[in-house]
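Two complexes come next, and they have one chain in common, subunit A, joined by subunit B in the first and subunit C in the second.
Let's turn to the complex of A and B:
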């Protein structure tokens, strides 16, 4: 195996890992805080790419990329808040909230995917890259956009960790996830923090969609594959641990890149599931997960 | 009974879980700067009463006045903002957060934030052990340390009144004495207190007045210096026949 091959595997693994980390951290944040899985996380990612395309592209409004990104992020904040209101909030007091919200968020996914298809049609879209052209990383040529993803993901995730660790609202979000009743007794408005958490998670999904929308082709099912990967990663990394999720995302990216190289794109996905099954047999709580919850 | 000077007034409160009421019309009051005890066996509604006042659970009927204003319609964060602070029983707080993080976070309402520095100094002076372990995670604390942290969290909320639910549950006699001293020091600052306890000696050493709780109602009120009828307490715990 030549140095070039190793470099190619590493670089494509890091690109994949960065995308997965962005996607999975939003999912993990909602799980840790609200105790539910948002299956519509992928559809939010798709929605962000379409909104950005419509605002920025010449075939749409043609306002340029910056406007597209800004409008898309604003729209995703609204979409996150709306989704919490409509499909999660009515069931907070219900004992089976976890199972109910699996169904309601899956329903929201179908609604969003079909709605997008109705509004934008089935024709493939692609966003203009934020960073056009090619760059070379460790002797491997990648697109500027992929380089951007490699740089932006750790910055965003670092900012998220900093926010959760040091700010009043961020610490409040962690407290609500660990013990909502105790959080109420120190004066935290729990439902307000649930809304903020959902909006933040939606923005993370949206940013993934915007970044990936010029690397891959955007279809109504654009977010489906990243969602499945993100779900695997959140479980693999350990439920309730954001660090575990991020670690698992990069690990998964590298493993997928290596498997794709050695055994081909056809078998790689099933091998990843096999790997997950083995890990969960040995460590049921995931890489950094806690046993409780 | 209604006196606007009272810190807390509870009138005919009914509440419970699911369909059955645990509180069957409970009425009591806590005067300004007064220390009041609630004593009675498990399952007779002491914790339910505090949970209902702080709105962890919703009342079915009755009124709650705090500093002369009705609070029974308010959400929990607004009750905390007004300064009525409930220190819950055996609270595991936030397992994965550090002591210092939790204390700083507990000053969450704007009013508590304004007093954060002074309250933090006070709490760390009152419980030096918390200062020694400021970087330790909450889940690794002993029962006594966690109880100190719980009270510290209550103080960081800038209380105008404290409701403490069995602060000495499961603690050693030595730790009980330490906590009793701390609670006496806190109420010495003029903060009215509603104290739930099972330890009759502990409660009598700390309060001006005490209510006996029996089957979701106040069965008797005992003033300081008034006689505690041990037979009556025995009856509450063991039934009228068992105590003989």
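Let's turn to the complex of A and C:
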């Protein structure tokens, strides 16, 4: 194994890890705060890519990339709020809220996926890259967009952590996550924070979609594979810990890149799932997680 | 009295089911019945693990898919008799259920969802990646079909297939119903409603969960086996999200923990959804309607349409007594 191969594996692992970290942190945020699992997270990501494409691309409105990103993020905030209202909020008082919201968010996924297919058709789309051209990183050539992903992901996640630790709303969100009843007792508007959390998570999914939309081809099922990976990462990292999730995301990216290199693209996903089952047999609370709930 | 009425109703329904092919000559309508019966078995067997045992098993469609592929491969590549291959499909799904149960019996809540979900993805990935054997995303074609006393199932306008599907449905429903109402069924319901109390009365959580998964997977696998023998093709689309949500909505709309509910919902939904598929522009849109219906049922009728039955009965009773007083 030459230095070049090692570098290639590392670089592609970090690119994957950055995407997964962005995706999984949104899932993890909703899980820690609301105690539900949003299966529509991937569909939100797809929606963002399509909205950005329509606004920015010449075949759509042709207003340019920055307008596309701005409109897409605004749309995702709306979509996040709507989703919380329609498929999550009605079930807060239910005994089996966790299982019911799995079903309702799955229904939301179908709704979005099929709706996107109806509106935009099955033809493949691709966003224009924000950072065109090629870049060399540790002797491995990657596209500028992938470089952008590597840089943007940690910045965004750092900002998210900063927001959650220092601002009033951020600390409120963490308080609600730890104990909603106590949070309500000390005067926190829990239901408002639920909406804010959901909207933030939707924006994280949307940003992933926008960033990835010029690297991969956008189809109605664009978000499905990243969602599955994000689910696994959240389990690996242990539910309820943002740091754990982010660490697990990068670890997963590297493992996937290495597996793809050594055993090929066809067997790599199966190996990852097998690994997941083994990890859960040995440590049901996740690799880095503590026992919660 | 109520018990007699129910037996009578069921008997009448079975007779009606037996008579259908004599009155319905249209091959397409017969095809819809057959597909609905298959979905009915899958939905009813899912009801055993989801409704009665309360295990949120998200991999049930994977058991169906395993039945499809194992039966297809056994019949096509190894040349096993298709009747036997269907049974093998059922047993293979049960074997897979043992594998899933290993982590599931130790986990709680959302982890069960995630592991079973990951399991179904694992099966899907395996099918796609081993394209040399399974045909990959292209699917597997020309699966041999069943034969009985020299009867040709391919040239009788789906007459024979209808009865095989109907028989499978009745036998599966009877077995599932019996399981659900046996002592075993009571014990899994006890664990669902109050695990701590159930355990304190000497019920083993791990063992019962394992048995439930194995039993419900068997029927899903059997249905998958018949599915591939009947359609003679297998494609990875059987693992699709939209199939999962369609069958899940059958269980929910029909009402969990009832076995019969999901079967009737399967019949209704198959006809509605296929009917909509023929409406211009609704081929994809029908899944949107299914999704909306699913959320609406969860919102307004958490026990499914079956929960309307007692209301109707009460209404009927009131009308009847009012009439008597007059």
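Please note the rule applied: the second predicted complex is superposed on the first by the 293 of 293 C-alpha atoms of A that agree within 3 Å, B and C clash if a C-alpha of one lies under 4 Å from a C-alpha of the other, contacts with A are read in each partner's own complex, and residues count from 1 in each chain.
Going forward, a contact is a pair of C-beta atoms (placed from the backbone, for glycine too) under 8 Å apart; a residue touches a chain by one contact, two chains touch by 3 or more.
If you're wondering where the values come from, they're calculated on a predicted model, not measured in any experiment.
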Message = Contact-wise, after the overlay, does A:186 reach subunit B, subunit C, both or neither (first, second, both, neither)?
response = first
Query = By residue count, is subunit A touched more by subunit B or by subunit C?
reply = C
Request  = Please indicate which partner A:167 is in contact with in the superposed arrangement: first for subunit B, second for subunit C, both, or neither.
outcome  = neither
Inquiry  = On the A-aligned overlay, A:66 touches which partner chain: subunit B = first, subunit C = second, or both, or neither?
reply    = neither
Message = Quick check for you: in the superposed arrangement, does A:98 touch first (subunit B), second (subunit C), both or neither?
response = second
Ask   = Touch check for A:178: first (subunit B), second (subunit C), both, or neither?
value = first
Query = Of the partners subunit B and subunit C, which touch A:5 in the superposed model: first, second, both, neither?
reply = neither
Task = Look at A:224 in the shared chain and tell me whether it touches subunit B only, subunit C only, both, or neither; answer first, second, both or neither.
result = second
Inquiry  = Quick check: in the complex, which residue numbers of subunit A touch subunit B?
reply    = 168, 171-172, 174-175, 178-179, 181-189, 290
Query = What part of subunit B is in contact with subunit A in the complex they form?
reply = 54-56, 75-77, 80-81, 85-88, 91-97, 101-102, 104-106, 108-109, 112-113, 153, 156-157
Ask   = Quick one: in the complex, what on subunit A touches subunit C?
value = 31, 37, 86-87, 90-91, 94, 98-100, 102-104, 106-111, 113-115, 117-118, 224, 228, 231-232, 234-235, 239, 266-267, 269-270, 273-274, 276-277, 280-281, 284, 293
Query = Can you list the residues on subunit C that touch subunit A in the complex?
reply = 56, 58, 102-103, 106-111, 113-115, 117-119, 121-122, 125-126, 128-130, 241-242, 244-245, 248-249, 252, 281, 284-285, 287-288, 290-292, 294-295, 298-299, 302
